[in-house]
Each structure stands twice: as structure tokens, then as C-alpha cells.
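What follows is chain A paired twice: with chain B in the first complex and chain C in the second.
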Partner chain A sequence: MCSIEDSPIIFDEVKIKPEVKICIKCKTSTATILIRHSTYCKPCFQHVFVGKFRKNMEKYKTSNSKIDEKVMIGLSGGPSSRAMLHLLSEIFSHELSKKQSFTEVWVCHIDENSIFNLKDSTINQVEQIVQKYNSLFIGLRIEDIYSDEFTSNMEFGQVLKISIDKSKQQEFNEFNATIRQNKELSNKEKLQSLLECISNLTSKEDFVWYLKLSLLIQTARKKGCTRLFLGDCSTRLATKIISLTSKGRGSSLPIEILGENNYFGDVIISRPMKDMISKEIGLYNHYLGFETVFIPSLTSLQPSKSSIERLTEDFIVGLERDYPSTVSTIARTGSKLTISNSIDDENRCALCLMPYRNENKFFQNRITLTKIPSSISTTNDCNTATNNCNDHCNPVTVSCSQSCCSDCIKPTKLDHQNIEINNTLCHACRVNMRDINEIFLPPYVAEEAKRQNRRLDLRKNIEEFLIDDIDDDQ
Partner chain B sequence: MTQPLIKVNLFFSGGLEILFDNIKQKTVEISSSINPPNQTKMEDLIKWIRENLIKTKPELFMTGNTIRPGILILINDVDWEVEGELEYTIKDGDNIHFLSTLHGG
Partner chain C sequence: MVRTCVICNKERAIIKRPKTRQQACRECFYYVFETEIHNTIIDSKLFNKGDKVAIAASGGKDSTVLAYVLKLLNERYQYGIELFLLSIDEGITGYRDDSLETVKRNQQQYDLPLKIVSYSELYGWNMDQIVKEVGLKNNCTFCGVFRRQALDRGAVMLEVDHIVTGHNADDIAETVLMNIMRGDIARLSRCTEICTNGDECIRRSKPFKYTYEKEIVMYAYFKKLDYFSTECIYSPNSYRGHVRTFLKDLEGIRSIAIIDIIHSGEAFELKKGVKLPIQGVCKRCGYISSNEFCKACVLLEGLNRGLPKLGIGKTNKMLKKYGNMPEGMATIPKFMNKNSDSVSEQC
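Our next item is the complex of A and B:
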């Protein structure tokens, strides 16, 4: 067992303190910065920093960049995305003078303050930053995910109401979802009630992140952007690699950490900051005098054991101090992962958009030792299972054209429609569902769940005519 | 004999300011030898901040006898790791930045 008392002894032995305080690059100036084991002077540090970024951008260009691309930058206002905005803008303006490869640059900011019920919006602060650059700005609030605009057909105004059925408490993973048109609550109230009903911070953080990701991707689609830049730095990615693995999201891990991936089809996700550690970014912003917006997170001011992600971050950052190659080792090992070939493109979790395996329900039962009975009591209001899907609800599909959809949805008086959401969630989201009581999920979830259910039904209907893949292989 | 006072400019950013009632900059006067007969070092200054300035959750500022990992310190724009970390002797007029790089401050 290692104990806390042991660490200072190891600390002294392992830590290599540079004796000579000369920049290792120019070998003339006095060093002012220590990154991992190397000392730099300020100009050399900035040169190396920008160089790393450019190298990553070059890679994207040669791989699958299109000409005349519209791109979107996800800007939280935190240090990493703030630095990214500046670096990208430099590249864009440089490119403009040569040949136009990015025709339109959007900057999208999502204000999360309604999670904490703060009155001030971060949109204005961020907009002021963006004004200095030649980009178009779009400021959203996280609760906007509940508005109909952010579904595939932009009309699907239904939310999913999920409640854990008391009678099935032994089997926690059976839950009811009711599709309903919920107009009484404002989007903000829906979001707040969603978060209130999640009992633990880990799941809460998960929810917030995937709502944000969906919102970003949908916004990028709406604006016709084919590339979305996210500002994950390598410290963040290392944290994600460990925390996502512990949350049971191993299969979707590559999608969330790769420097570039096209899992989302029309929107390529790029992470050009993936090789910079948070210390470098902090120093870079400091030297350039960039003001960053302070974005509180759910775990701000919380003890380190408050959520898996927070605990992982503390663990990694703590290790990094004594062993300065921790982050880069984890991040570089993680970046070798690739998206599994066995992933069925159609199997996407309705909530987090990540892939899930077939028959995930049985998979979970196989690997779970304890079935955790839900101790939360369900309020028994109008959403009873008796309101089954009526026939005239069936024409509501995603594949039909917008005009058709608005025609069938709008006049539908049916507020309640039971839907099988069990099969359309990934393992980790199903685990998260244990911590909820009764929540409203945004329309995009309802839409996706419905779409997938239709697909499954269809498959069931034609099953006997299908030739089984497995038989084929044998 | 009382020790002469030295002036130090402290800056808190990256979300760290929430531990200090949202104060981002503060000039303080401290003894040039908090821990006589030694001159005031970084170690003493951090302890002094914890005892005198922090409004809430000191454990989010310090772990053990040093700063919490993830918080950068810049002494006159120079990385404190180059300056000898806790052993650095504070001088009059030093600008010391405390910068949190942690998620959510």
C-alpha cells in the first residue's frame, strides 16, 4: 500500500531540477519557463507552442480537408479554447492571403450559467472577445437544446419523460419513457428539473457534456459547417481517457479523444490543442494578456471525490507535478486507439450520440453483479403506462419531409406516447439512468429514440427474410 | 527588532479568484522575515495567504505544505519552477501570479 507519507521521499529522488537556467532552444537567453524537463525563454516557448499547433493543423489539411470549408469553433471562453481561437484566427487570416480554404468561420459559445442559476450570461463576455477577430458569432444557452430547432428536422417538438417504474424496481434498467409535448415548462426549467433529478455529480456532468456536444454538432450542421474545432488540451484528454474508461465508455473513447474524427459524418471534429498541456496554455494566455472567462463547473469548489472526472483530474494533475511526463504518456497512448470496425453505424445512443453494441441490455445484465434497486420513489402523475401509442401517431417519422412532419406532429393531440428507450441507450448512459428519478430529455433524444425504434420494428418485421450475418460468416 | 515590510502584488486568475471573494489583484505588505531568522520565502508567502487572505476552502489552494497541483505560479512573469519553487526568496515589489489551470477553477 502506498501512503501519502511516502511520496515526498520519492519526490526528491525523481524530480530532476534543471541546473543550468539557459533556454535549451536558443541557448543564449535565460530560461523563464520549465515545460516537462526542458527550459525555455519566452520567445522560444511561444515559437514552440505555435509550431505545435501549426503542425496539427497541417495534418488536418492533408488528410480530409475540403476546399471552401465552413468551420465552427467551439469556444467556452476557458483558457484552452481562448488560445485556440487566437491561433486559428492567425492561420485563417494567413490562409486568406494565399488561397481561401475556409470560407466562413463561426464561433459558437454555449452559456452554461443557467445550470447554476446565475443571472449573468457569459455570452456578452465571450462575444466581446470574438469581436476582436474576424469571425461570425453565435451565442447559445445550454437550455436551447430543448427547443425544436436542435433536432434533425428542426420541427420535432417533443420531449421524453422518463420515469423509473416502481413495479420494476428490481430491474433498474427497465424504465418507461413517455414522449409528450411539453409546453408548460420553459426550456430553462426543463433543464433545471433534469439536473435536479440526477442524484450524483458524475452523471450530471455527463449529461451536461453530452447536451453541449449535441448542441454544438446540431448548430454546426445548421450553419452548414463541416468541421468543428474543440479546444481539448492534452491534460484534459488524459483526464478524459481515464475517466471515460472508468465510466464504462471505453468503446466510444476514441471518438471523444482523437485529434480528428468523422464519426458524426457531415461534421468532422478536430482537436488542434491536443498536444499542449494546460500549463503551456496558461502561460501562453498570460504572456499574450488574454483574458479568459471563468466558467464555473459543477465541481467547482467541491471536494475532489465529488465526481469521477474531478477525481481523475486531481489524480493526473497531482501525478504530473512529480512525474512531468504523465499527461503526455497517457494522451499519446490514448491517441493510438482507433474506432472499432465492429461498430454498427446505426447503433447510436439517443442521448450521447456515441455507439453502443447490439443487445446492450443483455450485455449489461451479464457484466453487472448487483442490480441496484432504485431507492427513489416515482411520483405518480399523469404519465402512466396506459397511454399507449395510438395508431395515428405512427406517421410521425423523421425521414419524412419537414412539411409532412409539421402536418402530422402539430395537430397530434396525443401528449403521451410510450417509447422503448432501453434499447437506444449506450451502456454508460444506461448506468447513468440509475441516478435519475424522473426527467425530461430534450427533443433530439426523443427523435433519435423514435427513429431507432422504427428501425428495429422494421427489422423485426422483415427478420425472417434476412440472411443472418453470422451464418454467412460460418 | 521588527523586520522591515515588503510589498508584494498578488494576482489570482483562472477561477482561483472565487476563493478570494472574487478579488483578482491585491497588494499586500508582509514582513521580510515571516519565519525569522530566515528571509520570507515562497513557502512562507503561500502559508501567509492561506492564513490571511483565503475566504473559503483552503484545501483547494494548498495540498500539504505546497500549492495544489494544477495551479501555476509566475514570479515576475517567470515560471516559479525555474525560480526554485518554495525556496524562492520574496523581494520587495514582486508580482506574483497564481493561475489555476484546473477545469472549473
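Our next item is the complex of A and C:
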């Protein structure tokens, strides 16, 4: 059946007649720049650009800003964060002379080159840029997330080893998770083995991004910064809105795209570049002669269909060319979304730190069957005695296979401790896990998984006294 | 090498399930396909015993499989519902006339009562005439808006409580993406609901919400169901075409993406203070509308006055220029729903 039921799509048609070449702002100078449907002269363009940035900064000041705030700027060295560094520094120096509102400004750069096995580090290059500004610099490598210090207690010396039993030849596998001492490999080796053991680029990109985000937040915490500035521009945010939606991350999407949010409690995330498209930023950097650092990505030189992120990026950039309001419309939709109140504060994914909805696991089993209940199946490989282990050791399949059940009953080996991780990961991260063999997850994940397991154990003890209000509607 | 079905571990696998990429035998595929739909129906409490349910039947794969599976599940699990076929004749030569023949055969094969409502009888225009008038740019808007109303009106004529449509997971995922990209917040928050039941309008639901399009085709193919497979000759605009291609590419990268998009759509929550249109009733025809006049009435007025852009562009601006609708112009018959007497009073 035809699914089109909607009202017409009204696109602002591009109506720039060749003779109209006057700047729409000052209405005197000749326009040399076309952004979406507006023509500007160079000075007016810069004025409007800086104005958009200042407007966003004003909003932060009135909403969440504390007096004497320490802040951190996440600087990849790419065009958007490069421009942000400059724009923020201008505001800070202005601000400092007027009213001491930001007492300490840190710039944090994470070098990702070990992902690509590149020898050179980007840290020196970025540090040279930062030296031009009056800020403190901290250069990290992505593999540093495996250090014991990037955890809540800042010395958590254990990692989480996860493996999948592929012998069962199933689409949906079960995880074996164990907590181990963090000493087996170097940080770099652990990161590289992580990346080698993920077969799929979509999952790989997801892992890398959340490791990076965790590293940034942990670093901000360590330095006592209460605000983290990220350089996401509106082109990037539009891409993220679509790709996060496609990865089932709808419930946490606002955290990753909103101009400001305090989901992480002690560290507020701000995105002052959210209203600029990448073309504007490119022009601005060009006019000011800013150098940017080349940052490779996992899908550089790969075809469009190599990952969801990459496909989405090509899709959005391509559409924006023909329909110049694509990015701004998507970004506007995203800005109207909010983090649900119904999400339990405890339901935070140990890996990506994002909130998730509890009912997902059950729901997934009902609409995607991968096994037939034993009454219908002729091979009765899961008897009733083991059925009760279903709930906690079997992620996606409806009924249980023998080996999985015996895994739960088997006594744990002495040198490491088995741990249940299905209840500590969000749906999207569990989907990513399907593409792994055997990986080490950093101490912060191990720490959080252990904490959540303790809470679940406690909960089990008092379960019969808890009043469940989910069924109260009826 | 003979591949074994990973579901029963016994029979020879003959398909790779598009949803999970599992290898499965024919019987296991039928079983999981039907049971997932049954679970969806049960979990969302779609039907009550004794419900009269109209299947929106176009003769295409989705509605043909829907009619087949609902009849089967109704018997297997004793839902106790009474099924009807409801078809809309949009008046598209070479497409709808042929597909209606399929619906008529389905009526015989499944032994279900059939009602056909045509655009011509309801609006005085068929799609061929509309396309002649408005061209190929916005024709799907006319068709979509008119179909929605025609289904409700047909349902009232059949005196049913409930309309089920063959919208599948791919359709819903596409709609979620479209609504994000068009900034249609009101529809975005509604489009993943499996069942819409306002007071004024007839319950409407999508039992195929989690069913993949490719699996529907697969099911129809192996069950040798009689359906009409030609695409509508009036294809949608290119923007939607881009979104559709993108979705297919996503599915190619990761098959769960389709369900994940629906999943995300369900999780979206609007900020407080975001204004949503308030549902009221059309002053002209009594159909639900968030404006003074419903979309169908405005589109029809545009057609009748030779101003096809009236319902497409900025309606108020156009009305200012050309004045309000003259007296005595043809309008859509009054919408009377037995479920809500209040509506007819307001009209």
C-alpha cells in the first residue's frame, strides 16, 4: 500500500537571480558569499558568523553558568573546533577583563593516530595552535582510556574481557564477560586488538566515538572543569541526528546534539557551533588564515556504504546541495527533542554512558524471533530446568541453548571473575557487540558494570518489597 | 554443501531471513513471520473480541499478505474478529483498475466481504484527472490526503470499528526519517504509534509495524499469493526517493537499522512548550482537522476553482488574493461517524 499520507514538502526554492549581487545585510556592498539563500559581503559574513556564536554563548551565561567556572574545550584540530577555539578565546579574554566568569580554560586534544597505526602524533601540531591563545593544554592519546586513572575512583585496575561463542552459528550470540586485572597488554595493544576484533565499521566507529567521549568527560572531571565545549557544527549535528536514529539511539539522541545539556551532572556539554554549517566555517577559517589538522577517519577512502555514519554523511551533504534547507531543517527538528523523564537514572550504559529504556530487551525478543519454542521445535535443546537462566544469560534469543546454560552454572575460574553485562549495556551497544570476537573494554566500563551488578544484586534481595508501577495503568 | 536451518536445526535452509540474516527453512520462516505479527497484535492489544475490522486492500503485496495472515491468525488464535476488505479506487488507469481485479479475486479466495469507494464518487475527481490538473509534482499529496479520508468514509459505510493497513516496518522507518527531515514534529511524534484512535476517527492500526518489506515479498512468493506487483505509475517526488534509497542502503549495511529507526522514533520526546496543532473538526465536511477546513476540502476547493496550488502552497495568501470559496461549489459529503455524535452536531 502506498505509504504517502503526508502534506506537501515546501522547499524554499533557490531564487538568486544573477543580477542580485548586493549584500543582504549592509545593502551597499557587492556580495561575494552565498550561504543557503543569502548573499553577503565579506565583512558582513564575518559579523553574522561571530554574532551567531555570541548569541549561543549568551544563552549559556543566563542558563547554567556558574560563577568562577573552569571550562574545557575539546579540540580535534578539524575546521569546526579550530574556529571554536578562536571564537571562545575572544570571548574569554573579553570576559576576563570585564567579569571573572571563566577562571581556567583547558584545551584537550585526543590523538587518534594509533587507530590507524600512524607513527606521527597530532599532539604537537595542535599544541602549537593552542600556544597562540591564553589557555592550558592537555594532549592525550585515544588508548589512554585504558589507563586505570580514567575511572571514577581514578585507580580502577581492572578491565572487562568480552568474548562471543561463534561456534553456535547464530546471528544473535551470547557474551562471555569476565573482569580481569589490567596488566595483560599495553594500552595501545588493547585498543588495537579491540579494533581488530570488531568486524564491522559501523560498530567500530561507535566504539571509538564513545571511548573518546568518555575520555573527554573523565578528563574534564579530573581537571575540575564543569563545562565541556564541543565543536559540532550544524552539518555534523544533522548527520548525527539521522545516524543516531538509524542506530536505535533515539532515547539518548538529545544528549548528543543539544546546544547545552547537563545529563552528565558535573560536566555540562555545550555546542556553541551548532548553528553554523560546515561551509560557513570553512570560509571563516579561510579568511582568518587558520590552519587545521588532518584527522583521518575509519572510513576515509572507503566507499559510501562502508558504515552508517559514512553513508549518512554522504546522504546529508548530497541532499544539502540540491535542497539547501536540509541541514537546518533536520537540526531544528533535533533541537525540539528532549531527554525523556521516564528514563530511570540507573539505566545508563556502562560503555557509551547513555541512558536507555528498560523494556527494549523484552520487546526485541517478541518482534524478532530467532528460535522456536520447544513445544513446536523438534529439537528440544532447552529443557525446563534451565529455563530460569534465560533472563540473565541470554540476550536476544527466546529460548536457551545448552551451552549457554551450562556457562552460567559452571564455576568461575579463579584468576578472573565472570560478570553479567547484558543488563549494563544499552540496546545499541549490544547490537555493536554482535560484530566482535573477543575484546577488552577499558577500566571505566568494568568499574561501571561491577557497580551496576552490585545494585542489581541488592535489588534482587529486596525485590518482593518493591512496588512496580508499570502495570498500574490498567 | 547443504545448509541447515538454524531455527529448527533439522530441515534444509532455503532462505536467508532479511530481518536477521539467519538461514531458515520454509516452515520455520512461516512460523517466525506469522508469530512476530501475532506477538505485535497481542502486545499492543490491537483487537477486542467481536471487533469488525476492515483491511485496507489495494491488491498489492502488503495488503494481500495482511488479509491472508490476519485470516489465518484469527482462526489460529481465535481473536474473534470479523474481517472485511475495503478498497479505494483512486482512478489510475493501468494501475488501479488492474489491481482492483486482484482485490476482487482476493475476495473470492479469502471469502471476505468487499467494499470499494472511489475518488470520483467522493470528490468528483479521479487521480488521472487530478494529475492532468496539478502535474506530477504534488500528485502524491492529493492522493494521500484523499485516500486517508476515503478509507475512513468507507469504514463508516461498512460500519466497522477498526481499519488495518499494510504499512510495514520499512514504510514506518521511511516516515520517521521523512518527518525528521521535513521538520514535521507533530507527525514525528505520531508516526510510530501502532494504533491511532482519536475519539472522532476510526481506530487505525498497522499490524506489520515490525515486519520487513522483503519478508512480506518472500512470504507472498513462497505461499504463492495472488497479488498485483506493479508500482504506482505516479511515482513520489525525488526527495522521498532519496530517503527511500538511503533506507535501503542502511538496511544493506545493517538489517536491524529499520527496526532501530522505529525504535528511535518511539523514544523521541518533545520539549515542553513545542507547539503542536490541536485536532478539531473541518467546518465544511466534518472530518477531523487541525485547521478550519481539512486538507481534503482545501485541495478539492483548489481543484474545483482551477487553483490547484491552493492546498499546496500558502493557503491563506491565496485566499486573500482570490477570495473565499464561492457559494454552490461541490464539496465532500458530510462525514458521519456513529462513534461520535458530537461531530455531527458541530457540523
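To be clear about the criterion, the second predicted complex is superposed on the first by the 390 of 474 C-alpha atoms of A that agree within 3 Å, B and C clash if a C-alpha of one lies under 4 Å from a C-alpha of the other, contacts with A are read in each partner's own complex, and residues count from 1 in each chain.
As a working rule, a residue touches a chain if its C-beta (ideal position, glycine included) is under 8 Å from a C-beta of that chain, and two chains touch if they have at least 3 such contacts.
Small disclaimer: the values here were computed from a predicted structure and weren't measured.
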| item | value |
| --- | --- |
| Touched partner set for A:311, first chain B, second chain C, both or neither | second |
| Chain B versus chain C, judged by how many residues of chain A each one touches | C |
| Which superposed partner A:300 touches (first chain B, second chain C, both, neither) | first |
| First (chain B), second (chain C), both or neither touched by A:337 | second |
| Which superposed partner A:236 touches (first chain B, second chain C, both, neither) | first |
| Touched partner set for A:246, first chain B, second chain C, both or neither | second |
| Chain B versus chain C as contact partner of A:357, first or second or both or neither | second |
| Partner chain in contact with A:22 - chain B first, chain C second, else both or neither | neither |
| Which of chain B and chain C A:323 touches, first, second, both or neither | second |
| Common interface residues of chain A - those touching chain B in one complex and chain C in the other | 318 |
| Residue ranges of chain A in contact with chain C within the complex | 1-11, 169-172, 200, 202, 241-242, 244-251, 253, 304-308, 311-312, 315, 318-319, 323, 326, 329-330, 332-334, 336-341, 357, 360, 363, 366-372, 376-379, 381, 427-428, 431 |
| Contact set on chain B toward chain A in their complex | 13-15, 17-18, 56-57, 59-60, 63, 69-70, 72, 74, 77-79, 81-82, 97, 99, 101-105 |
| Complex contact set, residues of chain C against chain A | 6-10, 19-22, 28, 31-32, 35-36, 39-40, 43, 56, 58, 60, 62-63, 138, 140-141, 143-145, 147-148, 165-167, 171, 174-185, 187-188, 210, 232, 236-237, 239-240, 242, 246, 249-250, 252-254, 256-257, 259-261, 263-272, 274, 295, 311-313 |
| For the chain A and chain B complex, residues of the former touching the latter | 18, 21, 31-34, 39, 42, 79, 235-236, 239, 278-279, 281-283, 286-287, 292, 294-301, 303, 309-310, 313-314, 317-318, 320-321 |
